[in-house]
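Chain IDs A, B, C, D and E follow the sequence of writing; residue 1 opens each chain.
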Amino acid sequence: MQRIGVFVCHCGTNIAATVDVKTVAEALGHEPGVVISQDYQYMCSESGQNLVKNAIKEHNLTGVVVCSCSPRMHENTFRKAAAAAGLNSYMVEIANIREQCSWIHKDIATATEKAIILGKAAVAKVHLNAPLTAGESPVAKRALVIGGGIAGIQTALDIAEAGFDVDIVEKNPTIGGKMAQIDKTFPTLDCAACILTPKMVEASQNEHITIHSFSEVTDVKGFVGNFTVTIKKKARFVDETKCTGCGLCTEKCPMKKVPNEFNMGLDNRSAIYIPFAQAVPKVATIDPNYCMMMKTGKCGVCSKVCSAGAIDYKQQDKFIEQKYGAIVVATGFNPINLDKYDEFAYNQCPDVVTSLELERLMNAAGPNGGTLLRPSDKTHPHKIVFVQCVGSRCDDSKGKPYCSKICCMYTAKHAMLIREKYPDTEVYVFYIDVRTPGKNFDEFYRRAVEQYNVHYIKGMVGKVTPRSDGKIDVQASDLLANEQLHIDADMVVLAAAIEPDKTARPLATMLTTQMDTNDFFTEAHPKLRPVESATAGIFLSGACQGPKDIPETVAQASAAAAKAIGLLVKNSITCNPCVAHSNELMCNGCSSCEKVCPYGAITYIDKEFRMPDRTTAVRRVANVNPAVCQGCGACTVACPSGAMDLNGFSNSQIMAEVDAICK
Amino acid sequence: MQEAMINRAKQLLADGSVDRVIGWKRGEFVYDITPAVFTSAEELDADFVYDDFTAANVSKYLVKESKKEGKILAFLKPCDTYSFNQLIKEHRIVRENIYVIGIPGGPKLDAERIKANGITGILGAKNDNGTLIIDTVYGEEKMPYYEALSVKCLNCKSKKHVVYDELIGEDGDILDSNRFDMVEKLENMTAQERYDFWREQLSKCIRCNACRNVCPACTCEKCVFDNPDSGVENKAATDSFEENMFHIIRAFHVAGRCTDCGECSRVCPQNIPLHLLNRKFIKDINSLYGDYQAGEDTTSRAPLNDYKQDDCEASIVHERGVE
Amino acid sequence: MLKISLDKLGKLFEAISASQTLYIPTDREDGAAEYKKYESGMKLSNNLNTLRSAKDFFFPQTENLVDFKMEGKNIEVIDVREESEDFVIFGVRACDARSFTILDKVFLADPVDSYYKNRRDHGTVVTMACTRPAETCFCGTFGIDAAAPEGDAACYSDGESLFIEAHNEKGQKFIDSVASLLEEGDAAKLDEVREKTRDILKKLPLANLTTDNFGGDKLNEYFNSDKWGELSQSCLGCGTCTFVCPTCQCYDIKDFNTGHGIKRFRCWDSCMYSDFTKMAHGNPRLTQLERFRQRFMHKLVYFPANNNGEFGCVGCGRCLSKCPISMNIVKVMKALEVK
Amino acid sequence: MNKNLQEQVLRSSGVNVLKCMRCGKCSGTCPSYDEMEYHPHQFVYMVERGDIETLMNSKSIYKCLTCFACVDRCPRNVEPAKVVEAVRLAAVRQQGNNHMNPNQIPEMLDEDLPQQAIVTAFRKYIK
Amino acid sequence: MQVNDNKEFQPLIVAFCCNWCSYAGADLSGTNRLNYPTNVKIIRVPCSCRVNPMFILRAFQRGADGVILCGCHPGDCHYTSGNYFTRRRMTLLFSMLDFLGIERDRTRVEWVSAAEGAKFAATMNEFTEAVRKLGPNRRLEDLRCRKQ
């Protein structure tokens, strides 16, 4: 039997004006188990707390009920007071007789009656409370950043800055991501490479940062503070430690007809390659699908010319396992595949390009050395049509339902740059809406219209038809002029929707994080926890969480880093003790609970049990990881046998409250 | 059929493919058939039976049997295969230890339905073109075959075996069963009528737990209703509330997991149409969350362990049907 | 012997129910018979027997023994026992009538169960001879004559009239109370009816089942029989057999907290249940085999050992038709007998 | 605005006009654009506003080829052609409002008339 | 059941509120002094998905006349998906209670955010009135628990 103390607060007149606190204290004093019942002016004041503390000591209380304001207000106050007096802080329950009683009722008699009932419910609950101890779990002082684009780089730099080791896993041979492919950035029009490459170098030189390029995460185990991650270092057939990045091999390689993915396939590279001049790490990689040596066994030129002896045709994939305290996902985005949009003739006409292709076409390091030429005949285009919202804002069956967010601004940028560099070129932009929220964004767009005379036309392009004379017929309606237009363009640029990288979905499964239907990672709370995933210890950085431009990405990357640092500075994390636990004797191992757990906190173990018939048998039972469980209780209802219960809100406690209220 | 099953079972026992066979054993009367495990050809020859009265679903026995040493051969009717699959999905049986032979299913007869026709002293029964000819102590009696069918076979949902290692006889199809007709009829009654209907039915309950103990979805190590710590344990239907509570919660616990095998209604000594409760859940799940047949596969997410962001709100219950 | 024409049965029931509560077996919508409190117009069932046994009248499935009222920290004990009124159970079959004798041995032995005795004292059992026994009947095995049932009074039908005869004072009192409706009749034809019934009984499939092999002296032999494993392997552990059984008399006592007091109930228990006779130390019978064995050892061995050879079964056949997996006492007796 | 007519058009077309985001791709792709007084995107918008009678009185409803290019191209699956068809149906249903008589068609046939126009004409002018 | 002066039937309403949204919403209606009847008694649960159907039946058994479950709006669950499970569970449970002839107005699910104090009060007023109209819960009560 518990020895319970009841403390009824007047809260000045806040409670006492409509609830007869003396009567409440008197009535609750008669409840079984209650050994002392007192009222006081301000229970949360220091003297009020002392009253509680003294009573705990004097009456050897095992449970405390405070009838006061909402537990959201002062539960912690009284828990601390109890702890200070030597009582487990989870032996305290609050009866909310202010917000949910005195403040909403006027009649003293009924309000007092209700307050007594609420108090009785709290007493009934305390009877079944058990002391809970918050567990602790150590934190591995190392972070993993998955993805080496600007988001990943920024996050890694910030974490390293705080003094923690951080690994970047990048699936491509170099870090840099999409930003490395971009020519200029809006709205300042400064050169992307000029601001990105120093960061790449900084990352490679930072003593706290390890870059695993050409690598993938293949397995994630564990939980917040204690992840064990397996990273596959894909064979690049070049010894990273020996290669000096001199590039001689790439020059001498006889196989030069490999589509260059860095330039969006607009030109070719050799079978052994360094993606671009500023690549980090600046190490060559052999593409086994094209390398003559790998395919036919005849060649070996690179091996011969490499003075460092870095070439290793027999290299195998390597797996490394590492412990991390925090994981930041920065897997980024890709433009969508435009195969199904026949009307834009993307697959039929080389002069219909995506915006990212245009970036390469205009880039000084691109296929044309920075001169804008039509891919088909390398002539200078005089009329360029931009089409917005290609695949964005569509019905699910037609494309992506969301706005890709960055297209309006980069299209304005492109239009402006073209008009700046080639004033003889007419530029048309067909838009549905121009969306420019952002600092200096609308000013930027207005400049394109007012200063650079870019023709913005409201209306979606209906049809793009390559003509035999090399021109491209663009048919669209001008909704404001109410006429249908035909433009004989030289080039068409499609603002393709962006989508999360394809590697994100399997990664989310490994991380047990949530994704939305578009495969963007879901944040723990859309407003209040935008850079955390719902799974503790997993943070989100950049476009993997939703379409973002560079400043936003960098801001989120730093925010994610800050959150990760906040976790890594702790030696251990205190777990919420109000977590689920499974009674193994009753667990059926049916996996229902696991299916509804949003955190992946439940795993199954095969355990040997002594069975009722005196034999032993191995049974599959659920096991809750208290460090991961957040205590929602979804599993407790999914469990038909009642094996799963929740500390602090157990089945019996809630039913005791129900009983007390309905008494 | 019985012959073919015995022969195949003997073969599999002889070549060591299986160590045991779970099937059915002949009883005192034509109808009282008991599920049983056989270990030898002699036992099979002596007692193995598969006929019109062999209605029991043996899949639940595999929870225990499959954890024993050696391999067991299980003969499963189409409806039983759904239960079997569901048990695999919930990790309750060890698939590797079971060799499943799919056998043709019902419709099966129920002696209780014959007796309800006033026929007593039953010594034998055979089907003669839709008429059941019953040999009794008091002479020969006749009744329409259909009227003697077990309640679980009246609305057969499927003749298809969803899992098997081999088949004896041919596989059938999923049927258009009209199995929700009675549920719908009840839904169209007034609340008072529904209440009266269920009060009359559930008040017959004697809390023997036969429905629960036979149910292949009720395989809990310890049922909440048997567990004093659960707070809802109750042994006897002292008050009508406890009958309601038991049957509502039991149906809820198997919602999305119940394959509609009908065993609950088959075994109820008081003839309570318990399957209607399960069918109500199945019907609701189908109409609100998309067609779902428990046990059809071993991987899909059970409807109650799943959600869609645009699921209907609970208020749909208030908005539809008869008040 | 006194008789009443069968077409006047309604009048008889009206007359009985005018002075005391009358229960008769009547058919419900699913064709099964059950005892119901007589109300005007209710028809006597033609079924051989009721689905549930008649033991409920003396040993109900649940019974409120006592209440406790809690006021703050005070507990008050309230005796909720009602002084029963007299009642008549009409149409009890020979097997069920014998079951009362068996229950009496349990509940009326010292210490007397006053709840049971109270009901027993107030109840008059009017039996009805069987004429159409079923294939599941084996009352003869236990020395019961279905054609000549026990009870306070017994009824026999010759197809036209119902003959009533008293077996004791209580029965005579019952007959006297309705004497105005009865007339003296020639019972000669009854012997013919009885003989016919007995002929049928002899032809029933279970007619040759005997208890010769059972009894208290076989305890160890049967307890250690290796048949139990096979017999119990398919048992579901439900309580159907025990709950339809007229002689099963195990009960549990449960307290129910109503929120403002405690109600103490006695309710039927079943030895088939996993928590049967669970005690502070745990459960004495951990496996279904042990629980299954308990039920049949009790009926066939322990009970006769303690009750001068009287078996704990009356051969009513309810468990034969109601067991979900068709395992029953007959199969057990036959399996053990072979040994 | 005519609520009844609007409802009829919405029902018979089965189109949710509120899904339209006014991108104009339907009109951008429409081969009959220049022939039409009101263009596909305007049909959708005017039906949303309930301005059905104007559309019914416009020759535009007979200029639509029912080629379904707009349906195919619409990013949001609004299906403008079905709206046009529904307005046309509303007009046809009003007795005496037939645009032309079936027996007028043969004399209008010439070599340049696309096959599809004849096929769709049967859908438009029968009854 | 409570009795007040005008002898009008006073239903007992049990409200399960999730800690993060609805309980805070209830607090807010208190902070804003928005009245609702004393008939409503709130039980705090971490998430609406913690509410077991057994709790709801338990409340009816013990004498509640109406049970309402409040949680975060779909999509806003503190635990991301809890209320989605709640929604399915309660839809099916309520449908079953309705199937058994229990008055459907005795049960309700309402999504109340931490900012919707007014909605909380309005919901409770409305629900209490709806249950009051139905009268005492007789179809799903336990006679043993009825007060004499």
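Observations on the structure shown:
The rule is short, and it goes like this: a contact is a pair of C-beta atoms (placed from the backbone, for glycine too) under 8 Å apart; a residue touches a chain by one contact, two chains touch by 3 or more.
Small disclaimer: the values here were computed from a predicted structure and weren't measured.
Traced through touching neighbours, the fewest hops from subunit A to subunit D number 1. If you take subunit B and subunit E together, the chains in touch with both are A, C. The chains in contact with subunit A as well as with subunit E are B, C. Among the other chains, the CA centroid farthest from that of subunit D is the one of C. Looking at A-C and B-C, the interface holding more C-beta pairs in contact is that of B-C. Distance from the subunit A centre to the subunit C centre is 69 Å, each centre being the mean of its Cα atoms.
Per-chain CA centroids place subunit B at a distance of 30 Å from subunit C.
Separation between the centroids of subunit C and subunit E, computed from CA atoms only, is 46 Å. Among the residues of subunit C, those touching two or more other chains are numbered 256, 259-260, 274.
In subunit B, the residues that reach two or more other chains under the touch definition are 222, 224, 231, 238, 304-306, 309. With touch defined as above, residues shared between interfaces to two or more other chains in subunit E number as follows: 53-54, 58, 62-63, 81, 85, 89, 142, 144-145. All chain pairs in contact, by the document's touch criterion: A-B, A-C, A-D, A-E, B-C, B-E, C-E. The part of subunit B that touches subunit A in the complex is made up of residues 67, 89-92, 219-224, 227, 229-231, 253-254, 301-302, 304-306, 309.
Across the complex, subunit E meets subunit A through its residues 2, 4, 12, 14, 19, 23-24, 26-31, 33-36, 38, 41-47, 49-55, 58-59, 62-64, 76, 78-82, 85, 89, 121, 145.
The touching residues of subunit A, when paired with subunit B in their complex, are 517, 585-592, 595-596, 604, 617, 620, 638, 640-643, 651-652, 655. Contact residues on subunit B toward subunit E in their complex (touch as defined above): 183, 186-187, 191-199, 224, 231-232, 238-242, 244-245, 248-249, 251-252, 255, 277, 280-281, 284-285, 288-289, 303-309, 311-318, 321, 323. Those residues of subunit C lying in contact with subunit B across their complex are 30-32, 46, 48, 51-52, 61-62, 132-136, 200, 203-206, 230, 233-234, 236-240, 242-244, 252, 254, 256, 265, 267-270, 273-275, 320-328, 330-331, 334.
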